[in-house]
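What follows is chain A paired twice: with chain B in the first complex and chain C in the second.
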Partner chain A sequence: MQKGGFNFDLYQRNVELIEKNNYKVPKTTKTGTTIVGVVFSDGVVLGADTRATSGPIVADPNCEKIHRISDYIWCAGAGTAADTENTTGMISLQLELLSLSTGRSPRVRTALTLLKNFLFRYHGYISAALVLGGVDFTGPHLHMIHPHGSTSTLPYISMGSGSLAAMAVLETGYNSKMGEEDAKSLVHQAILSGILNDLGSGGNVDLCVIKHKSMEFFRNIDTTNSKRKFRKKLPYMFKSGSTKILEKEIKEKMEKMEIVNEKENEIEELEEL
Partner chain B sequence: MQPKKKTLRPIVTGSSVLGIKYKDGVILASDTLGSYGSLARFRDIRRIVPITKHTVIGGTGEFSDFQEITKILRQKIIENQELVESGKEEDELLPSEIHSYLSRVLYGRRNKFNPLWNDVVVAGFEKGKVHMGTVDLWGSYFEDDIIATGYGTYFALPLMRKAYKKDMERDKALEVLRDCLTVLFYRDCRTINRYVFAEITKEGVNITDPVEIETKWEIADWQEGKL
Partner chain C sequence: MAGKNCVAIAGDTRFGVRNQTVALDSNRIFKINNRTLFGMTGLNTDILTLRESFKFQMNLYNLEEEREISPKTFAHNVAQTLYSKRFGPYFITPIIAGLEGEDYTPFLCATDLIGAMEFPKSFVVAGTGEESLMGVCETFYKENMEPDELFEVISQCLLAAVDRDALSGWGSVVHVLTKDGITTKRLRTRKD
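== the complex of A and B ==
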């Protein structure tokens, strides 16, 4: 078993499948996305939209893009949905084992290193663009991780197809003296800007506020963009007599039944042999 | 074999042009940079020019093609002027007519696979109202109260859409444009911090001299980990 490095064993076979066997490459579910992170005086706020697209179709109108790495370290992900979910899931497990073996609470910086080293090994083929934020015993941290494995540390970040629309809001609204409510409002407006102006983003706004030993997850804090305008009141009740009866036919139920003792026949067959 | 004489790719380019309607008229804004790829080659060009007393055009993309468009339109104005003087035409060409004519010119060029590589904003005052719209290198014609070209569509349009209100005040409109230009300076590599504003009201056209806008760099003081 090859240790470390890159394993491209299946490359030849994949190329042949596509060229000779007319193999239809399965469509990846992408999260055409707006994800945002902002550092404020007491911690970090992460925000995300909830639309998952498969080409031009909305595959999931209300998916969760903010993933848990540890109790106070969370990660929003853009790119291929499977890649973001499984990558963050794997690193979450690795981080827990690490924190148990070291006897220390996990650091954001550790999650960052685990994620970037993992993604770099795959040279960008794992399409996961992440906004990693959290508060550990060294303070609040916010990082952006690109699919190729490069990272940046900044006070405000946006990623995904709606990142330009969100960044415009962040650049005009950010100031270093922000408190929790200002930061939440800024992240909310930034995600909304992505949802309204980017076609790859949509649905509801999810928010995650992380402070020292505290985490609040606001799932679907804003649903104004996904409320159906015209909806019949549930439950569906049709009054008796609403459907007109055209014909009536009454059939008698059969009362006669014949009981066959199957077991007796089996024993008879065996005796014959 | 003859060499290719058609437009292959833009060489000297201008970045975004923004436009927003307000109570008394419309304001356009752009920076004054002509980029030569990644080189900031011409730092004082005018990408917003007057065409008539009441019309102004702004151009994104290949600057030489924008100069050609300016020439074509001004020639059209002169021709029209001659017709007015001889009594065959009523009056000076309206902004919507200029806009319409330009869209036909650009569409014709695209059909010959030799486009004028621009995204042009046409704005003016006619019959007591503002007319503003855009035409691009493919000939797409579009009218709206808020216009942005180039990277402005991604950064400025979301901000303008949030802030725009019908018949907004002049100061508010200028504030929105300044915010958008600042964000573009932060995030678009092919921009400089030197801008020109063109205001069109029923009185006419007023294009300002280049100005600089203050930028915030307080994130340079930010330190990771500090609560």
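== the complex of A and C ==
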């Protein structure tokens, strides 16, 4: 079985395939994205759009970009989808083990350090740009992490291809004395601005509100972009038998065989004698 | 494509090296267990390698867990195997289709070449004709189709898309998976 860590076995072969044979490499799913975080009086609000693209095609119109690191520490990710998923998953694992071995609830700062050290080791080859937010016993925290491993701590953050559109909304609307409803509404508007103005972002709006010992996840809080208004009511009906078949094979579901031990009876007979 | 308590996978059977056709009967859709079907497109050598690799892992799973793997767990297994080769990936695009749980709820999963999963409720597409496939599936897909209708819809989608893609065709297979078993049908496509 394979050991932990990345496996570079196929790297040489792939380089030759691409350079010498002009192989058309399948596209990775990217998350284009608008992700936003805002600190308010009691906690943190994280927001994200839900579009995952594969080149110019929308691979997943409703993916989840806000990942759980710990119960009250969540992370929104932009960049290559596989990288954000696996990076946040790995750090979530490490944080859980750490909190169990220290007997203390995890801190946002710890998650930040684990993430930045991990990403720096790979010098930007792991393309994950993250907005990390959470509330621990020291209060609410919000950080941004770039793929090369640099971090910033700010009261409001936007990242991804739609970050400019979102930042415009945040700069206009942010004030340091916001309450929960204002913060939610601001994040919502910022994500919506990204969805409408940036081609790499789209779909629905996801929000995550984290306060002290409480977390509310609003999945698809805004779906106005996903409802196709003029959809044909009666879809095309294919009549049964319209496709010509060459061969047909039906395999019934194979039940597991039960093996009955027949030797037990023989032993009983010997004892009687 | 998912229907009502059933799923179907369809694929063509051409194996070629760029514009030259090498074989007409290459099967890229494999049965993992009674509830899971697994299809791959891309570099043929990686398809063959991964077929053996997953067969091995599933045999081990069956021996250790003494039960069959659920489609969702298998999908995560595929994603992990692909991501372990993040820098130097397998050049494949896999699709997992299955029936999950006691209610036989349809389960679909597609990943990219490094294991980023997506779980749509309607249909997943992969291959050289994936853009045509996406268009035609989006048009013809309906919710809650019975197995017969699901077969018709997925066949017509595949045939339409395959006709518009020079690198696909030369025969096709459709597997429809329901709680009673798998029905496999071969279709006639254009031979060009």
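We take it that the second predicted complex is superposed on the first by the 215 of 273 C-alpha atoms of A that agree within 3 Å, B and C clash if a C-alpha of one lies under 4 Å from a C-alpha of the other, contacts with A are read in each partner's own complex, and residues count from 1 in each chain.
The rule we apply is simple: contacts are C-beta pairs under 8 Å (C-beta built on N, C-alpha and C of every residue); 3 or more make two chains touch, one makes a residue touch a chain.
Small disclaimer: the values here were computed from a predicted structure and weren't measured.
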Check: Where does A:Arg104 make contact in the superposed view: on chain B (first), on chain C (second), on both, or on neither?
Finding: neither
Margin query: If we overlay the two complexes on their shared chain A, which of chain B and chain C does A:Lys253 touch? Say first, second, both or neither.
Written below: second
Checklist line | Touch count on chain A, higher of chain B and chain C | finding: C
Margin query: Just checking: does A:Arg219 make contact with chain B only, chain C only, both, or neither of them? Give me first, second, both or neither.
Written below: neither
Note to self: Output check: A:His123 vs chain B and chain C. Expected answer is one of first, second, both, neither. What do you get?
What the structure shows: neither
Next item on the list: In the overlay, answer first, second, both or neither for which of chain B and chain C A:Thr80 touches.
Entry: second
Next item on the list: May I ask you to decide whether A:Thr243 touches chain B, chain C, both, or neither, giving the answer as first, second, both or neither?
Entry: second
Next item on the list: Classify the contacts of A:Glu171 with the two partner chains as first (chain B alone), second (chain C alone), both, or neither.
Entry: first
Item checked: On chain A, the residue positions that both chain B and chain C contact, one per complex -> none
Notebook entry, point to check: Residues of chain B touching chain A in their complex?
Noted result: 151, 154-159, 161-162, 179-180, 182-183, 186-187, 218-219, 221-222, 224-227
Check: Which of the residues in chain A come into contact with chain B in the complex?
Finding: 39, 41-43, 138-141, 153-156, 164-165, 167-169, 171-172, 174-176, 189, 193, 196-197, 212
Item checked: Complex contacts: residues of chain C adjacent to chain A -> 34, 42-43, 79, 82-93, 110-118, 120, 130-131, 134, 139-142, 148-149, 151-153, 155-156, 159, 179-188
Check: Which bits of chain A are touching chain C when the two form their complex?
Finding: 2, 5-14, 17, 23, 25-29, 52, 54, 57, 59-60, 62-63, 80-83, 85-86, 125-126, 235-236, 238-254
